[in-house]
Each structure stands twice: as C-alpha cells, then as structure tokens.
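You will see chain A twice below: alongside chain B first, and alongside chain C after that.
Here is the complex of A and B:
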C-alpha cells in the first residue's frame, strides 16, 4: 500500500558489499531515501537523528550486533515502531527465533534476490505501490 | 559500470581487508591473544567473505568459506580449543581462502589443489557440528513475526515536528576557560525556532557577587528539524563545565523514556543482554505495550532528567569504554580510483615545471628580487611545493600492505625447508609511495625466501651453535633522511665468505688472486651470474638471483647492500626514495649539457686543486680528500661528451656515496644550482641509456638528463681496474 518512495530505510551491515547490494535491491523496488551504517551503534545514532521506517540489519557486526540493535530499538519508545528485517548469513533458525522474541518483523537469508527482498518487505507493509 | 560490477569490485576490495584481518587475528591468537573480540573478528571476516561470495555465486569460495566458518564457529563457542595445531591449520586455510578469492577475482572458479584436503581437516575439527549444514529454511517457516500494520506509523511523510527543551547552566569553569555562553546560545538558536528564557534567580545582590562565579541558567526551547545529537554537539566543548539537560518534548509516548541518549540506550542493551534472552522464551512479544525492560532495578525509578552522564551508563561503564576503544580502528577514509590520483600527481608535476618556467622567465625579464611579481612567485613556489607534498601524501601508503603478505610466505618456506621460523616485523606504519610499495613485493619475497633457505641454518646446526631451534627473520622499515630504509635480517650463520669467493672465482667473476675486503666479498652475491646452479632449490632457485633483486631495487632509484657477521646472521639493507615522481637534484653543466645529479647521493661538493688530483695512467684519476683517495670520474667522458678529461682546476667535484657505501667524486664543469625536478621516464619515452636514470624538464623548457650515479661509478671503476 505505501509508496516505497515515502519510506525511509536504514541498511546496517559491516560490509560495504552487503550494504550496496541491499541498497541496490531497495532502489530497484522504488525506495529513494536509504541510509547506511556499518554497525548497530552507528545505526542507532542514525535512528535517533531522523525518522526511519524500515531497518534492514545484518546480525553479525562489530560493536552492537543486529540483535542488540533490534532490542535497543524496541526498548526506546520514540523509535520503537520501526520495522526491522534481520539479515542472516545462513538459515539460522535459532537466531531468527531469538530475533522473533525481540520483535523482529521478518528475516532475510543471504544471498537474497530482489524478489525475496520485496516479498519480505511486503509481508510487513503490504503490497508496495 | 553496471552497478553489480561495481559492487563486485567493492566485494573484492573488502575481501582483501577481511583476509588481512583474518590472518592478523589468527596470528595474534597464535601469539596468545585470548580476547573474544579477536576470534569474533576472525569469524566475521570469513563469514563476510562467504556472504559476499554468495551474492556473486562464487561456488567454490562459498563452499570453502562455509566449512572454514563452521570450524571457526566451533572455536568461537569454545567447543574447539585454539591449540597451536588448530591455529596452524586455520592459517593454512586462510591462505587457501586468499587464493580462492584471488582466483575468483580473476574469474577462475576452479577451486584449489589443497581445498579438498583442508576442507576435510576443518570438518574433522568441527566434529559433528560440521555436518549440520545449511538445512534450508523452508521447513521452519512458521514464526510469528511481529505484525507491522499496527506498529509502523505510516505514512510519515513529514517527520514529526519535535521540540527540545535545553537547560543550560554554565559553571564558573566554563567562563574561566574563556568560553562564551552567548556564542553557544547563538549557535543553539540556529538549529531551529527557539525560545530562550533566562533564569536570574540565583544572582545575588551586587554586594555579594563573586565576579568569577556563575549564576545564570538558560532554558531554550528549540523546535524544528533538529535532533538531540545536533543540540549536544553545540555544547561538545564545554562538556563537563556546565549542567546540561536536553529533553524531547511531545514526541514520546512512553513515560520516562524521553530523550534517552545513545550511550544510555547502549548501556541498557548491554546491561540486560543476558537476562532477557534467558527469561521466558515463550513469552510473546507485545509491541503495543512493551514489557518494561528488566533493567528497572538498574535504572532510577523516577524519570531522570537527562544529564550529561546518564545513571545507566554509570552503572556499566566498562562495556562502553571497551566499545569506544575499538571504534578508533576504522578511520574516516574514502576509496578513490587510483587513476585519478595518478592523474592529479601528473598534473601537479606539470604545475611544478610550469612554476619553474615562470620563475625563470621573470628572472630573465630582469625584475628586481623584491618586486611584487618576484615575491608573489616565491609564494607560488612555496604553495606548489606544499600542494605537491600533500598530493604525494595521498598516494603514500604504509608498508604494511606488502609486509602483511610475508607471514604467509614465511609459513610456506618454513614448511618446505623444515626450518622453524618466526617472522618479526617492525615499522609497518612507515609510509611510502604506492608505486614503490607495489614494486617492493617481488624483491622482498625473494630476499625473505633467501634468508630462510640460505641464511638460516638447519635446526640441528642451530642447536650445535647454541642457538634456539627457531630462526628469526626480521623485516623492518624506517624513514631515514628523506628515504625509506627496509631491512631484511636473519639470525643465521652469516655469509660463508670462503664459499662465496670460491664460487665467484669459479664463475670467473673475480680473478683467482683478487684480494677483497669482507664487505666486497659479501656484495659479490649481487653480481650477475653469481646465482649458483648447485643451490637451485624449490624455494630460492626460481631462476632469480640477487642480481635481479638489486636491479629491481635500482630501477626504483634505490640501493641495496648486505652486512654479515659469521655465526650471527646477515642483514640486507635497502634504501629507497619515498616517491618515484620527484627528485631533489643538483643541476650541473658538463660540456654545454645540463645534467641533474640526485642530491641524496651527494655528500659534499668541492673545487679540486690541481695538486690533489693524481693520475693512475690512462684517463683514470683519483682525488685526495682529507687524506683519503677516491676515484675522480669525469662525467663528460663517462657519458661520451668529450674524449679527454677536463683539467682538475677547471671543474667541480661532487663527492658521492654509491651503493655499498663506496665513495667516488663526479667531476663536472660547473654547478648551476639545486632544484626539485619532476622525473620523466626515459625508458617510457625513448629507451634505457646506461648512466642515465631518467630525464626532466627544466625551468627554461630544456630537457635535462638525470644521472644514474651508481652505474656511472660502476662502469668507471671497471675501466679503472682495467687501467690499473
């Protein structure tokens, strides 16, 4: 339902490659405002500074990892309602389970296609305009 | 470039960094590092390579990285002990991974000869867990994800207008340190619509006023498109010298959660890290009414006005501090295409030449030294130099990038020779031009191979000599008088001078009855044709002798020599220019030609007296300098400009130090002056000429040749030997 161009995204991953890949996917889906951060701490800084609708974050990162970021977001009312998709390196059921406990909205296994990315985002927001 | 290809490039660049991180982490662990962050970083490196490889379908890389990652995961979780053997295997796996990355980069996805064997070793290490492969995700798909329809505030086309109430109460210290509250407030009010209130209630009666005390408190309400970080930045430099609180107004729904700063938030996440995961795994997550964080006992009961140091951060300062320390690792950098830098350096080179031409023209025009134009030119010259230095600094890189390839080499050669070796590196942060670095890898590789293969003795011999079985090869870099010096040393047996001399005689490199100093014998190994067929092994004998090493160092404008102590080891010392683009030169004239001698080689200049110069017969001459004799080389004759030498009193001698510390005097007609010149390759534009290292363009637009001093000295010495 929402137009992707009206949503702001934050991509958090310690690898530039992965950030670029996610960004490129998001752009193909029509997203326009995409921020990047190399770790959870930087990601959180972004979120406290500007409104973000969707976070796509890696799990394994230096400093604050993906779960830590998710928990920080969920425990802080001003940013609590931010959609969160966890990127995982492998199909790690345990990790996704833990993330679910902390209120993750979906997950994405690397490597992913633009199709899967779209599917996961639409599972949260409804069909993208 | 197609975007995916650009990302692919990024991927391989990142792989380089990750491989370096992987290796240095494993080496650190081998050295006893038990910091969990080290193994995490190592794991992450492999994990990231695998992740990226997945995106580009690099199958054999993915497969190997996966097995490697699994083993590292075992180690990370403590199920696999980081023993010396395990780490050795991991290091070999890191080498294979590096090879797989480079073949993938080259577009060859063929795998690696050792891949299968190492995979098996790694799998054996990981035990049962290794078999637990990616099971696919299809069979575990019924998670209850947080529904977002209710959770996300949509649409939020305009960010909610937020207002912050900033309470600012300077302490006396703030004023004492010459800070001005008015300036801070002015800065603050620039952030948005502001309403400033001043609380003067603490100001005492005039008679009681302490002129150095602080009595005022401001309350500023800032609204508009700003955030807490921006507000705190205003007060960044007076942190600690004031009471400051920043509270968001109206934006928050949760009670007592307003304006939590990032430090507090992080501390809170870290503080409750363990309990939350373990408590009530089945408890559904309620987004609408978030469970109060279990840190309630840590956090103060009443909603705290946000102070500079939040209570939560005070309770748990250690994790934060550790995080801060790690943060400094990655500096702010940008990646720039090297071509652009090269182009810039080229242009600056032209600028330097142009500036010199201009200076010359102005001088020819007869303008006074003190004229505005001449003075402006002086400033231009200064600026040009600064620009040049700064541009060069862009291309300068720490030698680390080439040094870090060496541990692997040492491991391999050590394994092949059966000699235990420890590599010690020093001065990895020493910076030198990238072009120099790139061309250092081959000579260094060869020298290190040599040091292990020929330099170090076998463990038995070492034991017999009372040395530890493990040999040490040291690689060190340092800056010394405008050049970079790189030393490769070993603690082996030193040069076997008898044998070297024997070989040299056998190969006809020296006369059988030649009397040579120890130093001269040691330097024989650099002679072309010295490399001994009898010693060709898999390791050193790749058809490259030390003469090739010397030539490649010379091609870089460098010198190499060796010092050796019997029983103690040998040290190869290379001295290289910091850049290949510019040269500080002494401009001289010879027989109407303008030539440039590198200033780094010149020790002093002198006007010889006729009685100081002695003929050795033929055209060979020596000059006596403070009691010692050095060969006097007529540059005009050496380069074929004239057939008979210039009379001793008609020219100037440049005392130079060539490779190996040998001294000689170059005899030229006159000195014109010192100048920084931009090096233009003669080889690239014409062809190589013996005795000439390169060319340059001078201020008057003429081309001048740059002398290759070492060759001139070597050739003249050979002739002198014949004459003598």
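Here is the complex of A and C:
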C-alpha cells in the first residue's frame, strides 16, 4: 500500500497532449514525481538514468514502440521488474496478448478516466494510500 | 452536334467518391478520387494531410462538455486515432498540415460548446507542433465541409441560420435531413 508520492512514474507517448492528460491524472491520484518521454528510446534513457517504479506507455510511437520498450525493460536486469502499463487505442486483443507475453502488468484503453487509471495502478501496487 | 474527345472526356469525368465522416469517426485516404465530407455544428473536424506522402484524413469530434481533462480526453483520442492512421499510411508527423473547421455557437444562452471544441483543437495543434494552414472555426452557422485528402483542398459551405438550428436539433436523430446551401466558400 505505497503512497503515490513515494512512487516515480514515467509517461511515454508521442503526443504531448496525451502525456499531459496522463500526468494530470497521476497528479490527481497523488503522484508527484513524473517524467515524460516522446518515444521508447527516450523512455529507455530515462529508465537507465534514474529509478522508475511505474511506466505508462503508449503502443504506437516512433523509433521504439511500446512493445519494444517493454521488451527492452524486461531484458535489462537492473530495470526488468519495473511496473509497466500499456496504453492502447482500443481493446486490441492481439496487442494485449503480445504485451502479456512480454510481461506487461496491465493495460489501459484510451480514452480512460482517472478512476480507471487508479484501478489499473492499484491492481499492481495495491490500494493507493 | 459533334463533340471533341476532350470535351467528351470532361463531360463524363468520374465524380469523386464521397466518404461522409460522422461524429466520433475518422477516415484517411491516399486516393485522388476521394473527397471526405462532413456537416458540423458545434463539433470540430480536423483535416490533416502529408503533402509528401500524399495521404490525408478527417476526424469529427465533440467534447462532451465536461470540465477539465474529463472532457478533453475524447478530443485527444479522436486526434490520436487520426494521426496514427495517417502515420500508418506513410505520413510523417512533422510534415502534417492541419485545417480546422466547425465549433459554431448555434444557440444563444447555452454554453459555448463550439468555442470549447475550437479552443481544444487549436491548442492541440499548437502543443503537438503541427502545421496549421487554415480553416474556419466558431461563428454561428453550421457548416458542410469537403476535404480532398491528397491535394489538401478544402471547401466550406455555410448553412443558413435557420437551417443551422434545425441541423443542431436534428443531429441527435438517426437521420439528418438534407439542408439547403446558401453559398460556398472555397478555402486555400
């Protein structure tokens, strides 16, 4: 039952507007330390530079997409246990299955509410304090 | 009367294939013979194209009127679906040109949903670093829009004030009756 303020979050999406929405939702839930990246490559650089507890990543992105980022994280021991939530444009069964295969912790279908975001995070970390 | 081959060809030139984009949907095309159409009241349509890749598309969205992020998420989703579909057809984000239409304030005294939609669309284009090349937002008339996705040509037809109100009322119905045009304005 961690306090959101104690968790560090990384939001990866090529749309600045979507990153802002996710950031705003996280802030409403009490998260304070939130980093952003516009693609998987930049996201991975963030991961290697500082401790991140939760990644919320889009799937469709240039350079390195969400699945690529997930695979890179899971294959890199220092960061491989980082919680990962995949953002999808729709309930894409095949994408979700592949993400599960690569070790995703949960997925979030856009457009989503702050309540849904909270549920998905709590399914991983337990009820947020 | 004999007709020259050229005149004959012109007379029988194929009409463009019209694809109507209704609220909540989008469509992309890379076909010269396609024209995307929609009718807008307080809704907004973003018409985007990549002139190098020769692909374009249109969406049609209405924010639900909720305040803050809750309302914005539908607009963001609509924009993202359109952009991603264009990228899948070979467009590059940095080359996307955008025209915005709609966002009318059709009824005095009611909240200006059209203004909110317009402001969202303008902010989205600015925040995402997309190239805004024109369009027509706000005002008090409903609009009929045609957009040729490959050339980027757009045409706006304003509807008469009375018919704009009829349109706004009937848009909740399954079928929208045809409305009379009062004049066309070709843009760009």
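We adopt the following convention: the second predicted complex is superposed on the first by the 129 of 129 C-alpha atoms of A that agree within 3 Å, B and C clash if a C-alpha of one lies under 4 Å from a C-alpha of the other, contacts with A are read in each partner's own complex, and residues count from 1 in each chain.
FYI, a residue touches a chain if its C-beta (ideal position, glycine included) is under 8 Å from a C-beta of that chain, and two chains touch if they have at least 3 such contacts.
In this text, all values refer to a predicted model and were calculated from it rather than measured experimentally.
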item	value
Superposition on chain A - do chain B and chain C clash or fit	clash
Chain A: partner with more touched residues, chain B or chain C	B
First (chain B), second (chain C), both or neither touched by A:77	first
Which superposed partner A:35 touches (first chain B, second chain C, both, neither)	neither
Partner chain in contact with A:110 - chain B first, chain C second, else both or neither	both
Partner chain(s) touched by A:62 [first = chain B, second = chain C, both, neither]	both
Contacts of A:25 with chain B and chain C, given as first, second, both or neither	second
Chain C-contacting residues of chain A that also contact chain B	14-18, 20-21, 24, 60, 62, 89, 110-111
Residue numbers on chain B that touch chain A, as the complex places them	3-4, 6-7, 10-11, 14, 37, 40-41, 43-44, 47-48, 50-52, 54-55, 57, 66, 134-137, 140, 143-149, 151-157, 159-160, 227-230, 248, 251-254, 257, 260-262, 265-266, 268-270, 272-273, 276-277, 281, 283, 285, 287, 290, 293, 323, 326-327, 330
Residue numbers on chain C that touch chain A, as the complex places them	69-70, 72-74, 76-77, 79-81, 83-84, 87, 93, 123-124, 127-129
Contact set on chain A toward chain C in their complex	14-18, 20-21, 24-25, 60, 62, 89, 110-114
Contact footprint of chain B on chain A as seen in their complex	2, 6-7, 14-18, 20-21, 24, 38, 41, 44-45, 48-51, 53, 60-64, 68, 71-72, 74-78, 80-83, 89-91, 93, 96-98, 100-106, 109-111, 123-126
